[in-house]
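Have a look at this one before I ask anything.
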Amino acid sequence: MNEGYKDLGFAKLDLDRKERTGFAEVVFCEGKEEEYLKKIYKNIFDEYGEVFGTRASTAQFEAVKTVIPEITYDKTSKILKASKSDKTLIGNIAVCTAGTADIPVAEEAAQTAEFFGGKVFRYYDVGVSGIHRLLAVKDEIAKANCVIAVAGMEGALASVIGGLVSNPVIGVPTSVGYGVGAGGTAALHAMLSTCANGVATVNIDNGYCAGYLAIQINRLAVKAPGEDYDGNR
Amino acid sequence: MNEGYKDLGFAKLDLDRKERTGFAEVVFCEGKEEEYLKKIYKNIFDEYGEVFGTRASTAQFEAVKTVIPEITYDKTSKILKASKSDKTLIGNIAVCTAGTADIPVAEEAAQTAEFFGGKVFRYYDVGVSGIHRLLAVKDEIAKANCVIAVAGMEGALASVIGGLVSNPVIGVPTSVGYGVGAGGTAALHAMLSTCANGVATVNIDNGYCAGYLAIQINRLAVKAPGEDYDGNR
Amino acid sequence: MNEGYKDLGFAKLDLDRKERTGFAEVVFCEGKEEEYLKKIYKNIFDEYGEVFGTRASTAQFEAVKTVIPEITYDKTSKILKASKSDKTLIGNIAVCTAGTADIPVAEEAAQTAEFFGGKVFRYYDVGVSGIHRLLAVKDEIAKANCVIAVAGMEGALASVIGGLVSNPVIGVPTSVGYGVGAGGTAALHAMLSTCANGVATVNIDNGYCAGYLAIQINRLAVKAPGEDYDGNR
Amino acid sequence: MNEGYKDLGFAKLDLDRKERTGFAEVVFCEGKEEEYLKKIYKNIFDEYGEVFGTRASTAQFEAVKTVIPEITYDKTSKILKASKSDKTLIGNIAVCTAGTADIPVAEEAAQTAEFFGGKVFRYYDVGVSGIHRLLAVKDEIAKANCVIAVAGMEGALASVIGGLVSNPVIGVPTSVGYGVGAGGTAALHAMLSTCANGVATVNIDNGYCAGYLAIQINRLAVKAPGEDYDGNR
Amino acid sequence: MNEGYKDLGFAKLDLDRKERTGFAEVVFCEGKEEEYLKKIYKNIFDEYGEVFGTRASTAQFEAVKTVIPEITYDKTSKILKASKSDKTLIGNIAVCTAGTADIPVAEEAAQTAEFFGGKVFRYYDVGVSGIHRLLAVKDEIAKANCVIAVAGMEGALASVIGGLVSNPVIGVPTSVGYGVGAGGTAALHAMLSTCANGVATVNIDNGYCAGYLAIQINRLAVKAPGEDYDGNR
Amino acid sequence: MNEGYKDLGFAKLDLDRKERTGFAEVVFCEGKEEEYLKKIYKNIFDEYGEVFGTRASTAQFEAVKTVIPEITYDKTSKILKASKSDKTLIGNIAVCTAGTADIPVAEEAAQTAEFFGGKVFRYYDVGVSGIHRLLAVKDEIAKANCVIAVAGMEGALASVIGGLVSNPVIGVPTSVGYGVGAGGTAALHAMLSTCANGVATVNIDNGYCAGYLAIQINRLAVKAPGEDYDGNR
Amino acid sequence: MNEGYKDLGFAKLDLDRKERTGFAEVVFCEGKEEEYLKKIYKNIFDEYGEVFGTRASTAQFEAVKTVIPEITYDKTSKILKASKSDKTLIGNIAVCTAGTADIPVAEEAAQTAEFFGGKVFRYYDVGVSGIHRLLAVKDEIAKANCVIAVAGMEGALASVIGGLVSNPVIGVPTSVGYGVGAGGTAALHAMLSTCANGVATVNIDNGYCAGYLAIQINRLAVKAPGEDYDGNR
Amino acid sequence: MNEGYKDLGFAKLDLDRKERTGFAEVVFCEGKEEEYLKKIYKNIFDEYGEVFGTRASTAQFEAVKTVIPEITYDKTSKILKASKSDKTLIGNIAVCTAGTADIPVAEEAAQTAEFFGGKVFRYYDVGVSGIHRLLAVKDEIAKANCVIAVAGMEGALASVIGGLVSNPVIGVPTSVGYGVGAGGTAALHAMLSTCANGVATVNIDNGYCAGYLAIQINRLAVKAPGEDYDGNR
């Protein structure tokens, strides 16, 4: 393992990652065979005492449970994890959704940030078709170090929030929609084309990536310059 | 001409249209050869005493002027027309733009509606990146019989207005933008995917179509049920 | 609730909407979990004595029935509603389809307009491949305050109707088709590119949006200028 | 030349083609260097006493004129040809356009068919936005052995004609249009998705291909079964 | 029924079509409800003594059988028909496929042409990856009045055949393929872009349309000019 | 101006923005008429004593110079600005490019960050086709609070850097490329699909947006939590 | 069979292929009916004593087993084959994957090359998000006559390897990914747009084509110029 | 320069490349400023005594000539190079085009291979619309170690050649075409979807990449296994 990874044959675990980036490797479960997944989870868990994965199925949860009894599964976010219990969540990350159907993606983002030590505030169903709902909470949202705006359909939420706050906004287009909005491309293109300043975009439904970026930004915000930070504390 | 059109060989003027729809034929000038255009303009002008065309070039203006001295040309909207001077504009049509660059398309819409007798109110540069600018005029906009929302880039303006007013909103995506927003497709898809109620969409940069729809709706609003209406009064 | 909405946590009901727009909030059922949907339906029903939703499944119908026994479900249109029985339908809205397969989308449009008080006339299977079928009813269609043209495949119906009537036409492309017509994009692009005047377009299969626009236009037509109107009478 | 072609190095003239297909090779001029084009034209002209090419520029016309003085050029269709003068045109091919802007493509089709001996009847500006113009000539069009329907924008003309006649209709989408109709894709997809029977489609702006197909079909129609036919008589 | 159609409410049967085009209405079964389909089949069968439909399912076959016991169903082509038994097939239509997987679409084309009286010759699995297979039969194919080239993947078959024969070639792209060839778009675009002369294209998997065009062309070829023809003899 | 903006008729300057976000409004010059641009620049300059705009042309530079003599123009980045001279640049922002052709976009990003007070380090031409060039500077890049990765063609640079550093990476796809890479879509999709953690993406060629996000993140990093920050110091 | 193929009616087996290309015909099983497949497998097996097919299902395996008892099936690669047992594998082909999910496509490539006599070395899970894993094996990979780089998502692996080795790299984009990366288009476009030299690309998930190209290249490398080679030795 | 590159600030010359891959760095001239280009050319020329670049303009040629008088420019291929005069060309590379318009791309490929020491045979204008032209030379083409098939429009040439030869075929789609074939996407997708074995594809118009791959393959073929090879001999 002197190359910084552990070779399982079908996979090379990047055990150097925590050293390099501050956060341990996260498992993308979708499409991984159960036997492979069990070995990957077990190896990471044995190394760090915790493990975090996204896009897991119920069947994968059952399989991993046979090797890590303390594993837990959240149906909404599809997150499969064994997490240390004594984490102190710090900073301020706002996670907003346009509608109720965007909640699963938002939860993937929120729980990722929480696993790595971030304090998350949720603002759900504040889409622009009834903008008074967003305006009612805008002062709270503006306090966040980083705002995650999760929206499908026309994805206008990211633009409107981008015009209201001073810290970075991460737009997460979702595949909620139909017709030209099906699959999330309309929302993605809208967020990339935003007229607002300070809006970055991630791939469609990629709540994980948004949560990861938010925790990176939050980490920079909560520590004094030069100070160290442990994402898994 | 008993079939309801006048055959010029290269074109068949639809002289039955005013009878059928209440509004005379409008000329789409783009790409028409000057000799053809002169004949088309002259025939319509002789029939009705006025004529209206869109997407004209300066060269086309000069050409048509040789046969209709009273023709006028507006560089911003590219409208080429000879209009009766004694029109009374009635009703209430709001034309809004997200930015300054959307004004040419907005003017095509506004002047089309005005040519057919509609009273137009303009609200320019009220895009969502600084939403206080839109909120400051929302009560005025809400009085319109029909609102035209002209926006490029992410086109969020149509959705936000759609959530604020009770009458129909016509979204006009513009080709203002670059990258994935180039050509107006991002704005078009956003408007079609809107989460707001009562938003219809027209083709990219099609200010004329929006103006025409607005005047149709305005006509229904200003006359009492059953009453007649002359779009060119 | 002084902000104009009721916060259910997973959703913020826009109870201010009827005040703002004249029509109460409509529920988009697709993809909503049954427990959420039951609470949303119950809250709206308790507030207004009626409730209307689109794209519901049979399972959702069964779930909502447990909290609102008078709820009804129409399999063709997938509309799930509890409607006051004493409505007087007024005005004139024409709903046309190109083929038999477009009927579900047409019914979503028609029943939306009817729920909000509009009188609807249906003209089904009048597509352009046998244009004598359309020409046989064109005088009736021309009497409508607003015409909804529902068509898949090449979507030519909207253009042809647009050339025949004087009031606004709302084109609804449907996902009926295959090959390059699959998913409805060919019909959508055809309607947006129409050479006819006065055709607005909505998203693919979005019968609801067309019905909503039609009732807005019909409302402007049936009341005298300045007069009030109750969409739910 | 026993392989059935003449090798010019930069090109291999398919002199076997007339034997194989009944019609000599046609030159696609666009993008060919003038020196190459002169040699190609001269070789074909020397072989057959006539030569026909499409998409030529004025500069190419001037260049070819230096080697074939009797060459003629038509600016509208961009056809560059030297044609035998004593051709008898037979059969019946109808060429229709939706608008005036579609005429250049229609002329490429019509003149191709005429060069190979077909009798062509032109019906221009009969688009569906004023369908009475098409209905006025439908009985004449229905007599053709093959109908070419040239249309940009939403391309509905091909579908409507397809429903009115009994012989094959060849749809030619044109690049006339803007927004989603720009480049001709909307018209192409509409024609391919047509609900009418007996509509074949060719590439956007490909008048030549339509003219060639029409003359093939016309040839089958005008000769008795088993009889020979000389496309260049 | 003086308008030339029979109104079933959910459908308007175009009983004028045989008069107008020489061929009776064909039923597109896909997506039609069984109760509707039974009525449509029964009405056409009662009118003509035969009926022909495409894209039917086994369940639809069972349903229609309850009202027309003599109905037959072909699983490969998905054609559901009751056909008069004494037809004389005339002319010459060649149906070629690139591979074995293209046979279902080819059969839809071939059986359509046969139903309307055409004599069909089949050449299956003659794709260009082993071009000696095609060259071995090219002289036979060249005798056809019309050649149908059915191919998925890169669709090169239509171009190669187009270069070998003198009568029209109808390219039918199929959805056989994967990656960029999935859904048939690569084959469609290749056929539309063909460098060969005399190739028309139809929508992806649209064997019916190709068969219909072939029978129209075959009809023109087999009758002497001016002579009448009964497509259903 | 109590609404927080200054209304110039054709534009509504968002003078509230600096208050709201910490950074004053930036002018997007592209496509703005010179007369409009002069007024916009003059108003902002008079308000703040400095002004910054992107995508300006030489002609626009000349025009604005007539009203602000101290304006300067950089041809590479197309930035047109008048900047206070005594700024102290702080923090650490790394701007990397894959190739030489990506430098204009990189400079737009770098100079935006510098205008708002960030210290920028440039690493140009470190693309993955010779990865030793990137590995030679990776330790320096890893010190940045935020890394901007600018790349066209296949855009792999963002992914590789994402795997090497611990702070956020902002991917900027450029329109450098041809064929399927033309216009920047291939690079955009690659960056959005990255397998690396902590990569956000902005629109194609949108150096400004990347620079703005970087300065927001840098601001959070350089100040102690709770401390104030003046972006224009 | 003097034309070089065996005609089974539904298929024409290209028995001339081994003569022509050095490798016998391979069966693409997907979508072939079991009865057809059994006959195709049996004929090839009888001719050569071995047979190789890709994209087979378990059901197809069971069917073919009834006619070729020695047939074997590999679930990961979906390869269905009966292979001679005494093959000597020669040369050096490297097969690399970015992640674990790309292994099925990689195995299709590797086993194809092995069936035709190539020696294959596998390097799995060496994607660029942890580039130290790739750098650790780069000297081994550089020894291959041909490198196959299999990657989904952003497909950066092909570019990075292309910059490290001197022999040809074949990029195989996989459909592993979601959002804009779904279906493999992002990886395909990235590989085609690569800034590295010597990278060829095949269709998405087309491991077979990559394996075939690799064995062709390996064959050229392992034999002395002019020497013969038997791919199936 | 101990990192293996020479840092010019705006560029980092990969002087390690010849060591690593056997071939020196090639300059992609398009879009590079003349001052930059002169320095890049001069540095490479000074290092190796020769230099090779693609996609150069006449103006760039004039600029580079001022620092390297012996530089030569070929207008057809747009190659700008100073090449050692005593190269011995070895091996066998076939470069084929479908039409005359594909020659510029073919020359870029051919001259790249020649610069690096390959012997090239050219077969131009052998497209499939007259397949006897290709069949006449197929035995010669089959002798090549690698065949480059350059074609626009429907790109069928690569598939047909792929079925005729035993060594690798590299398909180069060109942007020659219009309508759906415009820009080369139809040809690209056809080549990627090919039903033939042993066809690799490169980006549209990327003759350079094809020439580079061919020379890599040719190098493996001409040397005995284990033997060294100097690409610039």
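The chains carry the letters A, B, C, D, E, F, G and H, assigned in the order they are written, with residues numbered from 1 in each.
One rule holds for everything that comes next: contacts are C-beta pairs under 8 Å (C-beta built on N, C-alpha and C of every residue); 3 or more make two chains touch, one makes a residue touch a chain.
Values in this document were obtained by computation on a predicted structure and should not be read as measured data.
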item: Pair sharing more residue contacts (C-beta pairs) when G-H is set against A-C; value: G-H
item: Most remote chain, CA-based centroid, reference being chain A; value: D
item: Intercentroid distance (Cα basis), chain C paired with chain B, Å; value: 26
item: Approximate Å spacing (C-alpha centroids) for the pair chain A, chain H; value: 45
item: Inter-centroid spacing, chain H versus chain F (mean Cα positions, whole Å); value: 37
item: Whole-Å separation of chain centres (CA-atom averages), chain B against chain G; value: 58
item: Junction residues of chain H - those touching two or more other chains; value: 99, 129-130, 164, 179-181, 185, 188, 192-193, 197, 203
item: Every chain pair in contact, whichever chains are involved; value: A-B, A-C, A-F, A-G, B-C, B-D, B-F, C-D, C-E, D-E, D-H, E-G, E-H, F-G, F-H, G-H
item: Touching residues (chain side chain D, partner chain E) in the complex; value: 20-23, 26, 145, 164-168, 170, 188, 192-193, 197-203, 209, 212-213, 216-217, 220-225
item: Contacting residues of chain D [partner chain B, same complex]; value: 99-101, 103, 124-126, 129-130, 132-133, 136, 176, 178-182
item: Chain E contact footprint on chain H (complex, rising order); value: 98-99, 127-131, 153-156, 159-160, 162-164, 177, 179-181, 185-197
item: Touching residues on chain A, where the partner in the complex is chain G; value: 3-5, 9-12, 14, 16-17, 30-32, 36, 173, 175, 183-185, 188, 203-206
